[in-house]
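Labels run A, B, C, D and E following the written order; every chain starts at residue 1.
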Amino acid sequence: MNSAKVEIRDVTKAFRSTGGSQVTALAGISLRIPENEFLTVVGPSGCGKSTLLYIIGGFLKATRGEVLVNGVPVTGPGADRGIVFQKYSLFPWRTVMQNITYGLEEQGVPRAERQEIARSYLRLMRLEGFERAYPRALSGGMQQRVALAQTLACEPDIILMDEPFGALDAQTRKLMQVELLRLWEQRRTTIIFVTHDVEEAIYLGTRVIVMTARPGTVKHDEPIALNIARDKEDYMLNRAFMELKMRIWLNVKEEVERYGEVARS
Amino acid sequence: AGHWGFGVAQAAEPVTFRIGTAIPDYAYAFFTERPDILKHYGKSYKIEWVKFTGSGGALSAFAAKKVDLSIMTILPLINAATKYRLDFKVIHSQQDHGVDGHFATTFMARADSGVRRAEDLKGKIAGVNVRGGVLDLALRIMLMKHGLKPDSDVTIVEGQFPHLGAMIRDKKIDLGSIIQPFYSREQKKGGLIDVFTTVDAFETAQPLSFRAAHGSVLKEHAAAVRDYVDDYLRTIAWGHDHREEAVRAYSKTWKIPEETLMDYFLTKKDTLYRRDGVVDVTLLQKVVETLVRTGFLKESVDVSKYVDLSFLPAKR
Amino acid sequence: MAQGKPRVDVDMASGSREPAARRWAALRWLAAGVAHYFSVLLFFGLWEFVARSGWVNPWVFPPVTVSLAEWGRSLATGDIFHPMGLTLLRALGGLTMALGVGITLGLLMGRYRLVEWFFEPLIAIGFPAPKIAFLPLFVLWFGFFNTAKVLIVFTSCIFPLTLYAYHGARSVDRFYLWSALSKGSRGFALLRKVVLPAALPHIFDGFQVALIVSFIVAFVAEMVTGGGGLGFEMIKAAQDAETPRAFAMLFTISLLGYGTIKLAEWLRALLLFWHIEHEAH
Amino acid sequence: MPALRKIVVRFLPLLLVFGAWEALTAPRLIPEDFIPRFAHVLRALGDLLSSAEFYGHAAASFSRVFIGLTISIIAGVALGIGMAWYRWVKRFCEPLVVLSYPIPKPAIIPVFIIWLGIGDLSKIAVIALGCVVPIIISSYNATLSVDRYLVWSALSKGTSERRLLRKVIFPASLPRIAVAIRVAIAVAFILLVSSEFIAANTGLGYLTFSYGSVGSNDYMFATIFLIVAVGFSADRGYAAVMQRVLAWHEFGEL
Amino acid sequence: MNSAKVEIRDVTKAFRSTGGSQVTALAGISLRIPENEFLTVVGPSGCGKSTLLYIIGGFLKATRGEVLVNGVPVTGPGADRGIVFQKYSLFPWRTVMQNITYGLEEQGVPRAERQEIARSYLRLMRLEGFERAYPRALSGGMQQRVALAQTLACEPDIILMDEPFGALDAQTRKLMQVELLRLWEQRRTTIIFVTHDVEEAIYLGTRVIVMTARPGTVKHDEPIALNIARDKEDYMLNRAFMELKMRIWLNVKEEVERYGEVARS
């Protein structure tokens, strides 16, 4: 069974911190993510979620273990894996429009087409009228939406998202979730999506993973039946959904509390 | 510059001489301001002037063959001959010190300082334009002759010519080497006295500066060099004969006020610009011998080997 | 391999070394050293070749080996140490004074409109002025010896230092300032605790530039007004047509500067270890 | 009128300096042999500006500055970024580059004269070599401090490592390189004088030295004044251009 | 009735953007915030919430109108108003510990006491073991917690918080909420709290404000009875809570959708 789109094999990551001591962010984490999976990841703050994404992205090297994409070990960043960072880093010297077209430019998409694609994303992200603004003139949520558009516009095979809706209001977030699902269904992309919102994790994911407190590994791995949440408007009141939510929530809670004790002891 | 002779048509092209010179230069002023008084300029030769701030820089450019003709003074001449081992000849004189009662660089002091002779300098500070230069040597020779040890009995510092006078007045130094046009200005201001001159130091009048040329240039462009020297002497004659016009031209080039120039330029109060362009080898050799005697030069140099006066025109 | 690209933390795994491997390591270290200075060796090789080829008068442009030999001689006899000390004293003396004044002024300009209004045009007009032209005035006021030269170094260094500190202070992330202001920081405390550290990368750029300027200006001041030091020795050697000796002085200033620049880089890494630039090292 | 007042207020510091200059020199508090009266400098400047020959000198100098500066900016940015980004570039270039920093450029003019001749080339080399120092230093340090998320972002969008320099590293470092260039511009004008120190056919630096060595201080300062004035204008012009180029950059509030 | 702790009087803020056009972020907003109020603010992304906080903080000047604190017009930042920024800007040159003690240092609290206070916050924020770490070695959520501690440690009169829990996992967020409430009750601080989480707004606030889409004004102003949420563990299932939540949610939704139409038209 080697059809995994992304395979994480026993990845450990240790950071050397100032003072020489070590922080182990990830400890022997293994995961197989098949093509077209929408994997959502939840876990206590500081447990290594971002670090995991950076390793899959090829930005950081694992201290031990490896990540395979399409069966090939990752050695560095590539255009097959798009990423939206937690702190949505836009290019400050590029306007909103130029930020969105960046990846297209790099792919050699002709100018006119680039503009057109970007304009459709501007609409999608409800940023019309800000084409020519520079990032510093945008609110936090607006910047985050530009970052989203920037990555989605490239149509990468695999998308890594680190709390991509964190700075959005509830309603805009909802809209974005719907759009993201639509794109995912259309493009059959593989998505790894870090979030703090358990409901979001269940609503979006085809599988939810709960990570343990630092050092992070997989604590809980739950496949989600598509029909639980996505089909109905009132899924929040659905019994199965609520049970699922409670189960995941308790898992996270356990970890947060455990960590509190670990740290205190 | 490359100037190969290529048959008859090419021979008519004027040769370009790159001439290294110091600031202020006599010839440069008249060649550029009054080309009308020249006879061959632009016909058999042209000039590209390169102005140097010191004779040291001029010498290294000359040695590197970046100039064809160059201003030279006694120490660079000795260096060119003994250290760089260049093939060159001095072809005409420029300024002479002390000949015929003409001006020679004068070491001046404040009238009220008590420094009247060299021996009064014990424990004092003397300023020259550049240590290791010919004026520095003159000062040292003078001090030694009067039983003083340079550097221990007398502190020697550097100052630029235009400032030495003011430094003496400002009591920053007690003695300074003053050249023209500053000598005239200081005299006018008053309050400074002459202590000694380079003639006292070297015990002889000296050719101060002269023009040297590479052997190869002299060989390849003998005729053009002759024409150049002829024109040069023409400017000198013209200057002596038309002093007021000369002052104007010189002032225009170097921005020295005309009234200052009127006071000394081309008079006995100035260094001598010889009409005949002859370099007095005997005097020059005497300077060398003084340097050898006082230990500033390890061995003597036969100056005459480096002087070739055959490019001077026959007596007019 | 790209230096910037990895930007990963250093590999943690570093096993203990076998004695046999240690010899290899020593050899590799030597090879790396040669490789590191390859450009210098290449340059010297070229110099040697040209100087011996007969294209230039070897007395005017002596082979590098001759100059190095002269340099070695002056090091061996120790007669270079006095001028070296003089130049170092003047350069670093002037620089130290300029550091204090320049950085303070720059930071103040960056934070206070009034200070900026007054000094910014003066800096802009004073910077391109050739300071060397004012050296005689310095000599008149401060004498022939160290003071005038130290002060000319000071005046030359103060401009880049101020300008870099000024721009550094101006580009401090406004959220740092806001955060500090809302915690009650004002005036000097704000300057020292927030503006200074935040502008430190800029300030260090300025320091590195000023360091080089200080060496150059001290040397040139000595060339022009004498009074001992490497610059004076070099101009004297040039006058006496002792070209190898002149080059020896240049080697000395170059190596002295190299040492201090490396020291400054080390200091930079030490003081800016918190800054992201440190991660790339 | 308010516009005029604004200009006066803006340049008041300069007027104060010139005023102080005149005030100190007019009653000869500073000997005229060192610094002439400001009024005399202006007179000399007027005289110089009315002679055609002077413009030749100015053109020669400023074109050298321009060329030298351009070379230093291109080479400095390339070297600085290259040394920070590619280990082999740093390995290869750094020792030679750093060893060359502290070499006093005026001192090696004779060597330049041997290799590049007496003409423009040796002077351009002096200017370029001097100006390149701040630019290399700043581009090097700025490159090292580029936000790594920006680099990662670009890499994951298919930017090749070589393009990365142009697309991300350079623009991200630009605010700091811009400061270095501002410094380099000033340095270029200083070196304009030094580069013509030892040998020259033409140029304002040559005029400065020649007038200085015969004690024509008013003329000497007039040339310096002009150099500084042009340097100042260049600085202002550059600042205006940079303000537009760096419109995206967030400057700290005053 | 002049007992308002913070009074916002007809504040308008227009930004000049590149290209010369203007963006009106706030349009004549007026608010009276009595002492010890816990005001939570929700609203569409980009509606001017952060801008409002910056104006109250004294960092930005209003284009028109003014803000009074204790009846005195605000002219600049002051230690009476603490702020936690949306993009949690820690001083990168200070360790976690030094960041937390910053404000205390400025208040002249003696060293030993500073350390002690900071250590209690470290515990509160579950950051033990990271005292000597520099901000760049922390995860997003950890940085946010340090920023929280930094501001809380100063014990300001008024605290302005811009999505201070945005980067925290659900469980840690819960813990922080409880701690914040405890501090608020103890210290009788006035808090203005921007959030995207409607539940959080209701749970924490004594009053919730919904802002309109850009240009922002107050669309809906709802006092919250304390007992609705805070007293019970299972408040989420409480009918009154759910109704309230729905009401606020619909208000936000309306605004987001309205903006979409405005922008599209």
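By our rule, contacts are C-beta pairs under 8 Å (C-beta built on N, C-alpha and C of every residue); 3 or more make two chains touch, one makes a residue touch a chain.
These figures come from a predicted structure and were not determined experimentally.
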Dominant chain pairing [most C-beta pairs in contact]: C-D
Identity of the chain that, by mean CA position, is farthest from chain E: B
Longest centre-to-centre distance from chain A, chain (CA-based): B
Interchain centroid distance [CA atoms averaged], chain C/chain E, Å: 47
For chain B paired with chain E, centre-to-centre distance based on mean C-alpha positions, whole Å: 83
Where chain B and chain D are represented by their mean Cα positions, the distance between them in whole Å: 36
Per-residue multi-chain contacts in chain D, two or more chains: 31, 34, 110, 114, 147-148, 212, 247-250
Set of chain A residues in contact with two or more other chains: 15, 18, 59, 76, 87, 134
Residues within chain C bordering two or more other chains: 5, 7, 56, 60-61, 136, 140, 173-174, 235, 238, 275-276, 279
Interface residues, chain E side, partner chain C - complex: 54, 57-59, 76-79, 81-83, 85, 87, 89, 91-94, 102-103, 105-107, 134, 136, 150-151, 154, 156
Contacting residues of chain D [partner chain A, same complex]: 147-150, 152-159, 163, 167-168, 171-172, 174, 247-250
Residues of chain D defined as touching chain B within the complex: 31, 33-34, 44, 109-110, 113-114, 117-118, 197-201, 206, 209-217, 219
Residues of chain D touching chain C in the complex: 9-11, 13-14, 17, 30-31, 34-35, 84-88, 90-96, 98-108, 110-111, 114, 133-134, 137-138, 141, 143-148, 151, 161, 169, 175-176, 179-180, 182-183, 185-186, 188-190, 192-194, 205, 208, 212, 220, 224, 227-228, 231-232, 234-236, 249-254
Sites on chain C touched by chain B in the complex: 56-57, 59-61, 136, 139-140, 143-144, 225-227, 232, 235-236, 238-242
